[in-house]
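Should a chain be cited, it is by its letter among A, B and C, assigned in written order, with residues numbered from 1 in that chain.
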Amino acid sequence: MINFEVKIKHYPEIVRAMPIVTLLTDSGETDFYVAAIKAKILSVNPSVRIEDISHKIAPCDIGHGSFVLKAVFRDFPKGTVHLVGVDATGGKGDGFIALQLEDHFFVGVDNGLLGLLSDKPHQNLVQLNSVNPVESTFPEKDILAPAAARLASGVSITDLGKPLSSFKKMTNRHVKATKKSILGHVVRVDNFGNLITNIQRDAFEELSKGKAYTVHVGGEKFRKVHSNFHQADQGDCFIFFNSLGLLEIGIYKGNANELLGLTYDSPVNIIFEE
Amino acid sequence: MINFEVKIKHYPEIVRAMPIVTLLTDSGETDFYVAAIKAKILSVNPSVRIEDISHKIAPCDIGHGSFVLKAVFRDFPKGTVHLVGVDATGGKGDGFIALQLEDHFFVGVDNGLLGLLSDKPHQNLVQLNSVNPVESTFPEKDILAPAAARLASGVSITDLGKPLSSFKKMTNRHVKATKKSILGHVVRVDNFGNLITNIQRDAFEELSKGKAYTVHVGGEKFRKVHSNFHQADQGDCFIFFNSLGLLEIGIYKGNANELLGLTYDSPVNIIFEE
Amino acid sequence: MINFEVKIKHYPEIVRAMPIVTLLTDSGETDFYVAAIKAKILSVNPSVRIEDISHKIAPCDIGHGSFVLKAVFRDFPKGTVHLVGVDATGGKGDGFIALQLEDHFFVGVDNGLLGLLSDKPHQNLVQLNSVNPVESTFPEKDILAPAAARLASGVSITDLGKPLSSFKKMTNRHVKATKKSILGHVVRVDNFGNLITNIQRDAFEELSKGKAYTVHVGGEKFRKVHSNFHQADQGDCFIFFNSLGLLEIGIYKGNANELLGLTYDSPVNIIFEE
């Protein structure tokens, strides 16, 4: 048997070590805002690698923003800096923070979004803009971009501001799981019209062991979880666990959102038979 | 006369040699999908240069995706790797492939899109995910991204999987050309509302030699092909051969699509006079 | 007191010196146009750093394009090359130019957009495509991209074409300012529905010294300029000077554009009391 595991050529450490800053904003793509954030980062360190996660988060939608960032931040190398400019002015009294969490760095406003990313305790937390504070109506550029660029340049997070003991922790909508049922909700309708729920594979597998079950979604019932799209026929709705380990309702080449009339926060109910 | 041909400064080979991976998907820009693909590529080789071609291909639209990729892939340097995540789960039985074609590399699902790119024979073709296959509902990230990153890192295509003898070849809608007429179709309505057809300049020039002609498009008739936009008046429809060598119907500062009511697949008919 | 000013690590000059080309187009994101421009730049110099400003400028909208570019070009490092592909074929007789202005470089068609960027005199101005001219229906790729790549590669602007003495200067809509009033207009409705006007902070502060004033916008009246978003209640309209120093009407977590029914070019009137 042939060995398909082949070592890739080694690129010099100089390039390999180029730091990454990701951007997640609700700024859209028709204005100068995103370019101004990037230009500010480059003015601090022109060698930073900037990767867009999305600039099409719905304006001020903390739920949308946190879902997308939580789904992907761990895929980036440890040490990556994530600049979060969703609802970037925040509410009254919300400060600007830098956070080290699961070996990643985050800079943003303390509006609750960052508190939805992980259940793990943070490693470091500092208040930005606390020394000689700047008042800004464009804090993504004036406060967050310089902090992100410095972190990506090797400045220690503890050198960016005064330490804080806590930041705003919101809780995602809970799943109610008993021996008889799991009640969850749609947490995201994606670009394809697939409906992503907050029901996790682990909980489902634990509770469904050896039991028949019915998944109720809108008016539809499912009695089987597919392992891939090809087990369904074109235009058929089906359910599967997605790459995040979350139950998802899709249509093979279709739009489940339109067909089932479900949207963000719609209930999804799994009933186990005795 | 002054010599405007000036040699550019030479940048070091280390940077010059940075490999390119292009991305073409139907994933949109409001989800975590594109960022997850990029993060996976960077986790294999953090020095890869990633260039987006488009993430706004209409969901599962192989025609749209193949048109865009065919129009631009040759403009990238030879050796560029093109990751194609349009209808990425494909149909039942569609495998994942890596392909060398016209000195470019392509990784994607064998759903027909890759077979529409070129009439030339492929140079290499292998089946991805054939050894210790992974089952995935997100193959762009789990299967295509690592293959693309390896190709961009200098791994030989023949080391990525078992050789295949053939892949799915679809044929684009044919143009019917005779001495009396050419019948083609609209293959793309672009961002400006221009209507791009599949009628090639070569065929037209060969058949129209010394003959008068009338181009019938919707209810409009054209008896002249313009060589640039400035020969028309603002708001006037006109026809020209675009940068791809394809007949295109445009309006100088207007929207031909809206004015003529034509759309994808609408017929365009050229009648030659005897 | 702790010193939060920390020196960032120095990255090697080789990476630091990588030249930047920004792109601003009305080409949208569903076609091959933007990728073709990037591929052409990379074919001239594969080490250029390409940064998108926006590709979602409204088709042929010189006002939109010039507003966005004027707002952000100075944030990029001096020496940055800005490729402007908005209304890129221009009007009859509009030539292609390269321009040095405020130590930045611009390449584009002489359709008036570049003349709206600055009141300062240009440093250098040359005509592109003047020697062995190419006729092209895709000048962003065929004429502007090679010129931008050469500038970014260290070629002198004076080596790119014959010198010109002048280019098209349009004037932005003027603000009428007297001791009694300032009459301005909305120049941009942004992604959030905020209304950006052309009334500058300097003029307002000069004329409002020690005077009460009323700002009339649609049917609304404001008697106070806020210094940040948090002085307003959620859903309340308010006015402030934005990061560009321009008067802006916003709603704290809302859409001023929808609420006030104002749009591009709507009048904004400030009346000073004696």
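Here is the rule we go by: a contact is a pair of C-beta atoms (placed from the backbone, for glycine too) under 8 Å apart; a residue touches a chain by one contact, two chains touch by 3 or more.
Bear in mind that the values here come from a model prediction, so they are computed numbers and not experimental data.
Colleague: To test your reading of the model: what rotation angle superimposes subunit B on subunit C by C-alpha positions, in degrees to the nearest 5?
Modeller: 120
Colleague: Taking all residue numbers at the subunit A/subunit B interface, are over half used by both copies (same) or under half (different)?
Modeller: Counting which numbers both chains contribute, under half are shared, so the two copies meet through different residues.
Colleague: Measure off the straight-line distance from the CA centroid of subunit A to the CA centroid of subunit B, and report it in whole Å.
Modeller: One centre to the other, that is 31 Å.
Colleague: Touching two or more other chains, which residues of subunit C qualify?
Modeller: Answer for subunit C, listing residues that touch two or more other chains: 14-15, 18, 29.
Colleague: Across the complex, what residues on subunit C touch subunit A?
Modeller: 1-2, 4, 6, 8-9, 11-12, 14-16, 18, 20, 22, 29, 51-57, 64, 67-69, 71-72, 75-77, 188, 190-192, 227-230, 240-243, 248, 253
Colleague: Show me the residue ranges of subunit C that touch subunit B in the complex, using the header's touch definition.
Modeller: On the subunit C side, the touching residues are 14-15, 18, 26-36, 38-40, 42-47, 59-60, 87, 89, 91-93, 131, 135-138, 141-142, 149-150, 153-156, 159-162.
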